[in-house]
Amino acid sequence: MTKIRDDWDYTEYKDQQTWPRYTGIPTFMRAPYSEALDELDIALVGVPFDGGVTNRPGARHGPREIRNQSSLMRRTSQETGISPFSLCRIADIGDAWPQRPFHLEESLAEIANFFAKVHAAGVLPVSAGGDHSVTLPIFRAIAKDRPVGMIHFDAHCDTGDDYLGSKFHHGAPFRRAVEEGLLDPKRTIQIGIRGGVNDAKIWQFSHDSGMRVIYMEEFLEIGVKGAIAEARRVVGDGPTYLSFDVDGLDPVFAPGTGTPEIGGFSTAEALAMLRGLRGLNYVGGDVVEVAPCFDPGYVTALAGSQIMFEILCLVAEAHAGRRD
Amino acid sequence: MTKIRDDWDYTEYKDQQTWPRYTGIPTFMRAPYSEALDELDIALVGVPFDGGVTNRPGARHGPREIRNQSSLMRRTSQETGISPFSLCRIADIGDAWPQRPFHLEESLAEIANFFAKVHAAGVLPVSAGGDHSVTLPIFRAIAKDRPVGMIHFDAHCDTGDDYLGSKFHHGAPFRRAVEEGLLDPKRTIQIGIRGGVNDAKIWQFSHDSGMRVIYMEEFLEIGVKGAIAEARRVVGDGPTYLSFDVDGLDPVFAPGTGTPEIGGFSTAEALAMLRGLRGLNYVGGDVVEVAPCFDPGYVTALAGSQIMFEILCLVAEAHAGRRD
Amino acid sequence: MTKIRDDWDYTEYKDQQTWPRYTGIPTFMRAPYSEALDELDIALVGVPFDGGVTNRPGARHGPREIRNQSSLMRRTSQETGISPFSLCRIADIGDAWPQRPFHLEESLAEIANFFAKVHAAGVLPVSAGGDHSVTLPIFRAIAKDRPVGMIHFDAHCDTGDDYLGSKFHHGAPFRRAVEEGLLDPKRTIQIGIRGGVNDAKIWQFSHDSGMRVIYMEEFLEIGVKGAIAEARRVVGDGPTYLSFDVDGLDPVFAPGTGTPEIGGFSTAEALAMLRGLRGLNYVGGDVVEVAPCFDPGYVTALAGSQIMFEILCLVAEAHAGRRD
Amino acid sequence: MTKIRDDWDYTEYKDQQTWPRYTGIPTFMRAPYSEALDELDIALVGVPFDGGVTNRPGARHGPREIRNQSSLMRRTSQETGISPFSLCRIADIGDAWPQRPFHLEESLAEIANFFAKVHAAGVLPVSAGGDHSVTLPIFRAIAKDRPVGMIHFDAHCDTGDDYLGSKFHHGAPFRRAVEEGLLDPKRTIQIGIRGGVNDAKIWQFSHDSGMRVIYMEEFLEIGVKGAIAEARRVVGDGPTYLSFDVDGLDPVFAPGTGTPEIGGFSTAEALAMLRGLRGLNYVGGDVVEVAPCFDPGYVTALAGSQIMFEILCLVAEAHAGRRD
Amino acid sequence: MTKIRDDWDYTEYKDQQTWPRYTGIPTFMRAPYSEALDELDIALVGVPFDGGVTNRPGARHGPREIRNQSSLMRRTSQETGISPFSLCRIADIGDAWPQRPFHLEESLAEIANFFAKVHAAGVLPVSAGGDHSVTLPIFRAIAKDRPVGMIHFDAHCDTGDDYLGSKFHHGAPFRRAVEEGLLDPKRTIQIGIRGGVNDAKIWQFSHDSGMRVIYMEEFLEIGVKGAIAEARRVVGDGPTYLSFDVDGLDPVFAPGTGTPEIGGFSTAEALAMLRGLRGLNYVGGDVVEVAPCFDPGYVTALAGSQIMFEILCLVAEAHAGRRD
Amino acid sequence: MTKIRDDWDYTEYKDQQTWPRYTGIPTFMRAPYSEALDELDIALVGVPFDGGVTNRPGARHGPREIRNQSSLMRRTSQETGISPFSLCRIADIGDAWPQRPFHLEESLAEIANFFAKVHAAGVLPVSAGGDHSVTLPIFRAIAKDRPVGMIHFDAHCDTGDDYLGSKFHHGAPFRRAVEEGLLDPKRTIQIGIRGGVNDAKIWQFSHDSGMRVIYMEEFLEIGVKGAIAEARRVVGDGPTYLSFDVDGLDPVFAPGTGTPEIGGFSTAEALAMLRGLRGLNYVGGDVVEVAPCFDPGYVTALAGSQIMFEILCLVAEAHAGRRD
């Protein structure tokens, strides 16, 4: 059979991650596209669902634009030396898109089913949302046997209660996850919380359930190193998930999101925190709430891409460590 | 009681519609805000709901930006001489926003309830969407006693069937309206239809039920005058609703919409058609599918504002005529 | 009389500040609109005037977009616990727009007249500009009986002299305010000053009159806490006004402004300073120089909204304290 | 003296108008910059003044962006064969900027003085605004000895009366010009008028004074050729000025303007009209109301550049004809 | 082997072209990705090369954004009834990207090699550029045995000569193609030509070699039907290529391009022309010069997608006709 | 001879750097335009060349937009007190644009020739790129007699090797400069390096040759003062060049660039570093990689303007010091 690239002349471009960035099909980080779970250690997944937003929609287009901007990623982290594609078998497996997107609860069930297959195959997911409601069905898949701990970057605790007539929305996934026995609040840390509230007790569930909440005021005091230390202490060596809502970043670093809150941390601080969190027992992670239609300079999707790459590094290193 | 504008010095600014356009609170066309239906003939209503979109969301912000751009509107149409605010008592009554927006069918029911109150008070609605699914609940309110006819500008017939697991979405309201006995297909004309289809028979319902469909090819042949003549012939003198989906316009005139289709008509053509449709028996109208986050130059919201004003002129003239 | 929301079904939405953010008429922070000064403690005022700019106009649209973005604000500050709408009677009273905007000095006089009514009614103003020239007429209203002190965030001292043939423009209000006996320079602190100058002595008036000027170099040394301490020391317990020019922020946090100067402070630093300035004797405040046409991602108007909310918290707490 | 381009190697680039478009200093059409009026036939002038706008400012930046985009212009019109730089001595003479921009009437006087010098030197001006108020002072310079006729493209007649406390603003220049004896209304045609009005008689002065007004409705009937014929008939062979307000174009062709009105003519129609108006007795012309901050895709400034080039062709041909 | 979509529940989504448009990997029109030429009739190819531009680069990102926007395409043309994916075996085969992009002539050679493989496999190419210089190497592959005719939509003839020291650039491909014996000028028609020129004879080669050139002036006279008739007459029944430079469209329909010229045709006119050109003997086609970084509202890439789909319809119908 | 500004009335505007910022022709910092090298100490030069980029082009438009935004610069640095235009004779000498831009190596040679003339006249260049490949030809001109040292701000070391078939591109200039004996690696410091790499040893040349590399991790530790101290130590008192790639800044401060890497330093930090580097033996400098088409809010070009001004201050002070 004749294939168009069969007699490709230069050996240096066998790996499409080294191609010029404006070429080719935009899979996540230009990883190969594959639906064959048996051949994978880690799956890069898009979750193009924003049916849980309470304000500005648009995160359904997040996976598309993160895939696009992620062509700027490269194979190896210069800072940590981690080279995830060398450590693990990684592919873009496409999108966990719900076939009944007009029904919020059925959508979450469909997403859970998708991730259940990934989990059943022993593959760890690193996902790009979508709004934050999608982390709950991911947990339903990967934490069904035992609760996980979580390192959670966000402007909001997302442990609210019913709103607009629904138990499920992007402000409540972690209350629901605790209630469903999927998330261990004692092993959960939330970093970057800030902004006004309509109900002064809106995040009370976080405190009552035992989560460690680092508000931005505290972060400004303890800094990157303090936050790293606390996160490591809280999650310990149990199975841990890392969830990064881009609205944890200040809106100038992430204008393209649905619920921006000024006064957040910077990308430099975010990267430093992520790189300080190596060696934990990661079982997956996600970056959520990238809404490209509010992102005129593409900085949010670019930040989302890099954060997804850093999470991939952490998960790949953990996976390789377990295997070795 | 001391009011801030009690001793306003210049008489020429008593009417806030003459204020400089960058001043004041952006109600629709800077009409007074009032919830007192008893004192109104026509209600300007926002319907900030985009839970029925199948692709790009964002039309929930349509009423906001149409209100903002509509400050550029003025009291009298130079072309037709109609001065709606002199003919009728008109106010912005706020938004028909659903309290359970995550539930599509309940949302439509809530919207219908809102418009039922408007209708019960004998007030005619002129609305700004929201996606096109919102016209169905408006019909449920205003056409519950007898079906209405419709002049419908759009790139799509919106007479599709179930999609993505739902009977209700922005591609199906007019099939549902006929099925529910709210819309008389024999008195319905659809103008501007075009674009690719996945199912070659997707709009077959329009044809089977007896709607008059003017595809863009025919429009290019018969022109503005031909379309006007056909529309007048089809709807006759029965009660008529006018629904204008901005994606009927070419995408350069309306980039800020969810499902753009290139090759549409221009704003000049749209205005000429609207102004050629005076003297019909209007019972309401709407402009839908303005999605500001895809509208970098604000041209879509500006066009939506002017179209809403033209519809208001038509409805006000009809109402005044009935009264006189 | 039938009102459209008379039988509103859910009790949780009685307060429109809890409505979804994309709904309703965009008053400041979705506060009620009212012109009845007798019933208010604090008035939220727009001043859509940019006739005093020396470079890029557009701040006349600032109140509109701040009103729009301020729907993202909520009732209570999570950080300080202040809930201004519970402490005081607050309304959006509309815009202090001049009827003779082509005449700079008459415009300032008209604006002063507007605020004089507010002041005469015993209402404290929290305003959104407009360019910085509007603070002078606010002072003419509220400081006519005795000079006030000021905490002033800005890239420029705005104590320049005549420019382009005018004593009045957005680079000179505070020189004029001192000359008119409205501002006590000994109780004035200016924070964030930077950028090139054409006249090396352009801000000499600040120094000569006794203002405390914290240039960005010094700010980088003393930090947020140092700036707070200095501000508290300088203004003491006398009547104090807080004026925040968004160009004090770095241009990436506030691209939408007329005279950006790179190298400013961040929103996180701004919020920390504002929250560190509780307990002073505030008589009003403003945020100025938001120019939406240069603000593609809306970050400036969002920052302006939050800053206006923080100022409102400070003023409301001060007012409530005086009353109690 | 050593000059950097003394030994420039390629002869084909002696004329900087042939340089790649991204190079060099952006004068109008990359014409030479010169203040030496004695050596010129036609002066390209910027008038960066928007002190007469009634809504959205920003046209003060029009000359800058027109200069920038005009690098895409070339030496010869392919359509008419006119090569203005071969026919006449043409230079960019810089900006007629008022030194007292805060004073509207003094600004107009300063602009008039600038153009008076141009006129006194026998040089014809082709200008880029600025808002439309600047055409009045140009007339004060070039029509002081006898009134001129005018071909005027616009959405508005600009023959309004006092507004916002001023006789002078961008909605009134041509009433003032007639009153001052500078413009012959019998030899004036206005093309493209449309849009709502607050005062149904706002343009009555045009009709009463004898101007020929082609509203968009009539334009849609008579077309480009009809408009050309009418314009030629009205202005005859007397001295004629051509003034093109970009808001005559539909807003999609000119989003970057202060007072857009949907339903205007296209650039193709505009060019066809301009090219159909050769051979008249032109004494100058202008393109006004380009406001770059509302022009995200630069299409307005590009259109303004081409229109300015077409006007230059007409004026250059007329001047060369008179000379020959 | 476990595949993630093995037990996909709904039959209606077997074809990914029917998935919601925001889902999945953006291949051209969501066609399958395949490098297996043996299994194809038509190849969709990206050519991300803009090394031949003379002004604004960026078309290297054209294939990416056309792929992204082309998710809005559907399987069947409603207007012509053509369903290309049912008629032929079609796949996205990826990008013909040159490995030595800094060397213009070598890049063209590499692109020619890529298309030579496609041609050798008997596969017809439908491509998305890249700048217009890429059509020459496509011709070198598909027209090496005999010259082809061409229907060419463009603002420029692209038959210029050496410029900026190079025989090869995006203003000269068709002169070079004639010189190399690849293009039959007698069977070539160029539609939409307009704009200024630095050299009055720049397109003389088109005329001298016998091409039929329809300038915009003529187009405005003869219209869509006249242009169709001329095109059919000129190319006859010989092998024909269709090349569509998006700058043939007016810049408001295609702001995202390198060399915009105002006054072009509309998308409605473009579609009508393309649909009037069925039944010719097509051997391939391309859409070129989409430069996303100048396309703030994505209208150019959307138009490019639809034009590519129309070309695909024409080529698929021709191919199926030959086979049957 | 009559000159348009001969009898300019106000003395305060003799220097066009004090004109309102929206007026006049945008030379760099509104310096006079002059090609007379004999009369200059320092030349401001644009290098509109982006033929060396490996990803997103557009930096060829950098000089244009930096010139435009640099109108916001003023004559004197408030922070350092340096007034470069008083210290030295400075002019904008136009652009070093290559006449054969399609040939990378010839382009570099042409640029070198341009700067050789500047150097031969004893004039120091302060340049605005263009991509970073242009610094190599500048070195060929100014360092031909002895190697220079360099303070280099960047996200990338730019000491890579051949890529995409070329020794020359924007990722390799400093390897080439060392190899050609133009740059002394022992006197070179690189600040801000970060981001992923495809080849873990891509910047090994920097280390092997003895350059001092401050990665962002180290920068976060040692801060502005540490970086200043290291830079001063490394370059000593030998001839030194300062090269500032705007992608050294975090992408939110510089979205308009070709190869953004999140997590960089801020403009406040950049300015503090530049101002801490006074008193060195500067022989020139540049700011590169400003790509306006990716810069929706103009913040990158504004930052580039200020950085260019700061470099000018450093070079002017050094030059004046040598002369005195």
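Labels A, B, C, D, E and F are assigned to the chains in the order they are written; within every chain, residues are numbered from 1.
Convention: a contact is a pair of C-beta atoms (placed from the backbone, for glycine too) under 8 Å apart; a residue touches a chain by one contact, two chains touch by 3 or more.
The chain list, named the UniProt way, goes like this: A, B, C, D, E, F = Guanidinopropionase.
This one's a predicted model, so the numbers in the text were calculated from it and none came from an experiment.
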At the largest C-alpha centroid distance from chain C (Guanidinopropionase) we find chain E
The larger set of C-beta contacts, choosing between D-E and E-F, lies at D-E
Cα centre of chain D (Guanidinopropionase) to Cα centre of chain F (Guanidinopropionase), whole Å, reads 38
Shared-interface residues of chain F (Guanidinopropionase) (touching two or more other chains) are 20, 22, 56, 60-61, 99, 101, 164, 252, 294, 296-297
Among line, ring, star, complete and other, the chain touch graph is other
Those chain pairs meeting the touch criterion are A-B, A-C, A-E, A-F, B-C, B-D, B-E, C-D, C-F, D-E, D-F, E-F
As the complex stands, chain F (Guanidinopropionase) meets chain E (Guanidinopropionase) at residues 50-52, 56-58, 60-61, 99-104, 106, 164-166, 168-169, 293-294, 296
Residue positions on chain F (Guanidinopropionase) within touch of chain C (Guanidinopropionase) in the complex are 17-18, 20-22, 72-79, 81, 83, 224, 252-253, 266-268, 270-272, 296-299, 302-303, 306, 309
Residue positions on chain F (Guanidinopropionase) within touch of chain A (Guanidinopropionase) in the complex are 54-56, 164, 193-200, 215-217, 220, 250-252, 255-256, 259-260, 262-265, 294-297
Interface with chain B (Guanidinopropionase), chain C (Guanidinopropionase) side, in the complex: residues 1-5, 9-10, 13, 19-20, 22-27, 33, 35-39, 43, 46, 48, 60-61, 64, 67-68, 92-95, 97, 99, 101, 114, 117-118, 120-121, 296
